[in-house]
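Provided herewith is a single structure, encoded as structure tokens, for subsequent inquiry.
A, B, C, D and E label the chains in the order they appear, each numbered from 1.
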Amino acid sequence: MKHKSIYFYIPAIVFLLALWYVISLIVHLPIIPSPYLAIERLIDIFSDTIAIHAFYSFWRIVAGVLLAVLIGVPIGILMGYTKKVDTILAPLVYLTYPIPKIALLPILMLLCGIGELPKILMIFLIVIFQVLVALRDGISSIPKEMFYPLYTLGASFKDIFCKILWPAVLPNFITALRVAMGTAISVLFFTETFGTKYGMGYFIMDAWLRVNYLDMYAGIIVLSLMGLCLFGILDLCERYFCKWNR
Amino acid sequence: MKHKSIYFYIPAIVFLLALWYVISLIVHLPIIPSPYLAIERLIDIFSDTIAIHAFYSFWRIVAGVLLAVLIGVPIGILMGYTKKVDTILAPLVYLTYPIPKIALLPILMLLCGIGELPKILMIFLIVIFQVLVALRDGISSIPKEMFYPLYTLGASFKDIFCKILWPAVLPNFITALRVAMGTAISVLFFTETFGTKYGMGYFIMDAWLRVNYLDMYAGIIVLSLMGLCLFGILDLCERYFCKWNR
Amino acid sequence: MIQIDNLFVKYDNLNILEDINLQMAEGSVCAVIGPSGCGKSTLLNILAGINHDYEGKVFINGMKPSPKKQTIGFIPQNYGLLPWLKVKDNIMLGLNIKHKNNSQIPMDLIDSLGLNKLLNRYPKELSGGQQQRVSLARAFALKADLLLMDEPFSALDAITREEMQDVFINLWQQQNVTTVLVTHYVEEALYLGQKIVVMTATPGKVYKIIDNPLFADKNFRDREEFVQLSKQLRIYLKKAGRENEA
Amino acid sequence: MIQIDNLFVKYDNLNILEDINLQMAEGSVCAVIGPSGCGKSTLLNILAGINHDYEGKVFINGMKPSPKKQTIGFIPQNYGLLPWLKVKDNIMLGLNIKHKNNSQIPMDLIDSLGLNKLLNRYPKELSGGQQQRVSLARAFALKADLLLMDEPFSALDAITREEMQDVFINLWQQQNVTTVLVTHYVEEALYLGQKIVVMTATPGKVYKIIDNPLFADKNFRDREEFVQLSKQLRIYLKKAGRENEA
Amino acid sequence: DTQQSADNSKNASDTTLKIGLMPDIDSIPFIIAEEKGFFKEEGVNVELQHFKSAMDRDSALQSGNLDGGVSDMLAAGFAKDGGFDVKMTSMTDGNYCLVAGTANNVQSIKDMKGQNISVSKNTIIEFVLDQMLMQNQMTEADINKTVIPQIPTRLEMLQNGKLDAAVLPEPMGSIAIKNGCHLINSSEEMQINPGVMVFTNDSLQNKSEEIKAMYRAYNKAVEYLNNTPQEEYMDLVIEKAGLPPATKDALTMPKYHEAALPSKDAWEKSIQWLNQKGLVKETYSYDDMVSDILSK
């Protein structure tokens, strides 16, 4: 995992661009423009146009994921820790997870209007299950002997949480955040298409509609870099908080 | 986790239906019909109509997830086990994971037409990252002492894989499958909207565009039950294969 | 005071402990000795309030084992250190939970256990014996009402072991803490046990209880009873081991 | 034959082993004894081919430690059992890897280690001593060229320990396997070590090497050299422990 | 000989005309032509592909999975600007309605200053609204455009009073009206018709005979539609086109027109709108965009 420096991203970026370039040469259709043109376009429109879209998306992702974490983590931990809670909640989760949340969009819009709230809620609804399931499974795989020292100390749940559940599940939590973050970015595409003129989802969808593939790919590059940043931050967090695990 | 029998699903189902019913009473709009009507409709049209859609979706999910497993698992395990591979591949994953796969639809259509292949590939593309990241993180958190007995036996990679990597990562793998399965079901909605007349995604989208909310909810119920079945199977697998962990 | 009446324990359908009866006065030390797998750790787990799955009566000062009300210092066989806490935090774990945050690091104790250079390491950066001493420090620092030690010196070399035994004897002389000690060594039992309980092989029963005149005498090896008693004890042990082998 | 010249090992910047020199003839048994944390396990890990991070020369039969070419039976301090394998599979692990699949369960050995009733359990359903015996069985079953044992009897009661020591001696007499044994007991060293290596506290150096006339003599306690030698060894140990304490 | 048959089979698949349809009334003649066997009568093999969103359709067209489809002038302009060689070949009969919500008792667009009107952005829907505003000497700034791309959602929000008004394509417009909303204006009323068929240039060159045959069948279908009572074919059309069942009672079918070249005026308005909004830089002329395969 560890030891990834900014330095290793360069070959990856170069590789992806080269791959893209080769495909664009082979296909030779505007549907796959040369990466050179897309980057040129990106530089052209970044500061006047894309920056503000990226900013909006960033805020929605952070808000949506944060909400999912705030609600999903406690429930996931409780489900993993207490078999009774799991017995009751697992069927609920299993039934509601596969519901395509986008199908609920009209309902969400009816209930919350068309402002920021439904967009953030949509990210939340999609991402919370991933957080919840990963934490539950993480907690439930802690060997039970781990808890014995705290049991004999008559520790409160708060102590058990701080001393065992949280540190033990932190690596799973970070994995869950990785998955959730990636998902959140890729669902922007559906959540940012209504009631707004800003957001990378809107930007890319609009470019697609306008058959403006250069804009569209510029947008995709930005999303990709945005993901890279968020993942990089997570890697740093992991390196810092999971020192004991190295 | 364990000990979930079919028996505990009943209160969950009842609870969800009751919740739905209450909301339908409060909102009192055709967009949220009473669950009673939706179920009635479901029973009405299940055997002639929905069954075939469900069958198609089921096959696409299984194919997409299987493909993601076949390709994602070895890569994830290699990344987790070999730091070098991780250093090279992680930036690629971090860059490509956040790309909204739906935006690649034109390319996918270009390369594979509009038949079954692009639908399955779309599921594959969305799901593989979740499988890969979860497996990588799972493997890389195996304490290194675990490998010592096999190292001193001069075990080949195949032995290490069979005796340590696979059993150790199996719980993570099952979690990843859970998340992937849920995601796959909920993206049907986008992958089954073109070039086909079958599939739950098509069915629900079609019902939505026809403003036929009863059909739409009947479809959502079927998806939900389909998810439940798949999750139930996974639970059984977990109970069987991770006996040592109970 | 510890009072055990007619204690029976089963795992699945296997009897592990059968009809254990034992009284211990407040402030006394009891050494438990018996064949491998006879149920010594199981007995300790019950006194520690970890295992509630038994029949019969177990009272500590008139109450069922309840770690919330009593302060129990417990040294499990596998040390029970939390891998994500540094040595100093592992040592302070009990103090922080029992006496909340106004507790000082017990530097004297740490010195006498030879841990002062290791305070900032994680458990997995320690040798086996060092880990065991950390576990000793955690239990001793607690000033417990009841001390439960499961082979607390097994990973220590002969010289260190004797030093640690003396640390324990000093502690006991100062605090007069009721102690149950599982040991595998006849000599250790003779030095550290006021009462020595000899157990039979599975299912574990009490085979003999010996009152030990050599207890806490630094020169116990030179006393005339020593040779006689240790021979006697070895004979008991051999017989107890064969007891249930028919 | 084992040949160690000028071996130095560091963790981070801390010297763990300093200038270790040691020769062992083919088929001989060497007992290593020394203060807690002096680097005994580290030395064994190097011989086992797990730790490659050292300076100096280490040769086993003229080659660097290489588990692929040699058959090494290793009993780590924490037993090194794989939690997902049943006892019988843990025992067969080495045989299956080294001699591939045409190997039989060594029922005689399992009988003499008292494990025959436990073959279908998972490691966590065993007591500490039972786990240790499984680890012994795994190493003994292998018919190794080199046997490395890290405190192999530490979790066994006095009687069982002596039985196991005899199992080892029998095995050694039949197979003449070169053995390095880490122990904490003067008596054990005197019974099981042809050569006894006394090490100093961190950084570990060789303090003394003793040729032991009592080796493998079942009545070693009754021989006249016994008292003298064990006194001598205790004095060495005490001095070695203080060696680097300035 | 084998060579010959290989060529034949290749030709056979090559002569199939793949047409993308949308769930709107523009597509109805194609469905009729298929159901009534008009394509067969004309000896052309037409494969109809149903799409649920314009983007899926455009992606399929641009990736060569379709020869042509039911589309609109704005999409055609975008495609041309994006470097895809597509041509408009005929206009289709569709209608877009500006509908005011139940509680909104405005009578004309002039009264709608400051109101929330829902559209999908940069599409024919927004174009129609802008044309309506322009005809009434209003600008974008006078109203409040709310972007909701999904048509059913727009309908739902309108019916539940979350919006003051919305532009909806038929048959959704009629359904909204039947459910208590009222019509303010429509593209038909304004006599702008941006709905067109587009074909890729490749197909126009290689499959011109098939396309002509297809249009003959189309014209037969138009004749059928115009001369047959609505009830006779509505169920079938609703089923095949993916229209809401309520269409049957709500919608009065428009008069369909035989295939004819797109209106030059409509194109000029379209390209002007695209240029003004900065969505397309080039000003493509009518001739750049239209292929008169019909009259050739």
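The rule is short, and it goes like this: contacts are C-beta pairs under 8 Å (C-beta built on N, C-alpha and C of every residue); 3 or more make two chains touch, one makes a residue touch a chain.
Keep in mind that this is a model prediction, so the values were computed, not measured.
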### Message
If I average the CA coordinates per chain, which chain comes out farthest from chain C?
### Response
E
### Task
Would you indicate which pair of chains has the most C-beta pairs in contact?
A-B
### Task
Superimpose the Cα atoms of chain A on the matching ones in chain B and note the rotation angle, 0 to 180, in steps of 5 degrees.
180
### Message
Counting only Cα atoms for the centres, state how far chain B is from chain E in Å.
### Response
36
### Query
Centre to centre, by mean C-alpha position, how many angstrom separate chain A and chain B?
16
### Task
Please compute the C-alpha centroid of chain A, do the same for chain D, then give the distance between them in whole Å.
50
### Message
Counting only Cα atoms for the centres, state how far chain D is from chain E in Å.
### Response
83
### Query
Of all the residues in chain B, which ones touch at least 2 other chains?
29, 31, 106-107, 110, 145, 208, 245
### Sites on chain C at which at least two other chains make contact
78, 124
### Task
Provide the list of chain E residues touching at least two other chains, using ranges where the numbers run on.
55, 62-63, 152, 156, 160
#### Entry: Of chain D, residues touching chain B in the complex
45, 48-50, 66-72, 74, 76, 78, 80-85, 93-94, 97-98, 122, 124, 138, 142, 148
### Query
Which part of chain B faces chain A closely enough to touch in the complex?
1-4, 8-9, 11-13, 15-16, 27, 29, 31-32, 80, 83, 86-88, 90-92, 94-103, 106-107, 110, 126, 129-130, 133-134, 136-138, 140-141, 171-172, 174-175, 178-179, 181-183, 185-190, 201, 204, 208, 216, 220, 223-228, 230-232, 245
#### Entry: Contact footprint of chain A on chain E as seen in their complex
54-55, 58, 62-63, 75, 78-79, 81-84, 121-123, 146-150, 152-153, 156-157, 160, 162, 279
### Task
Enumerate the contact residues on chain E facing chain B in the complex.
23, 49-53, 55-57, 59-60, 62-65, 151-152, 155-156, 160, 172, 175, 242-246
### Query
Which residues of chain A touch chain E in their complex?
29-31, 105-106, 109-110, 113-114, 193-197, 205-206, 208-213
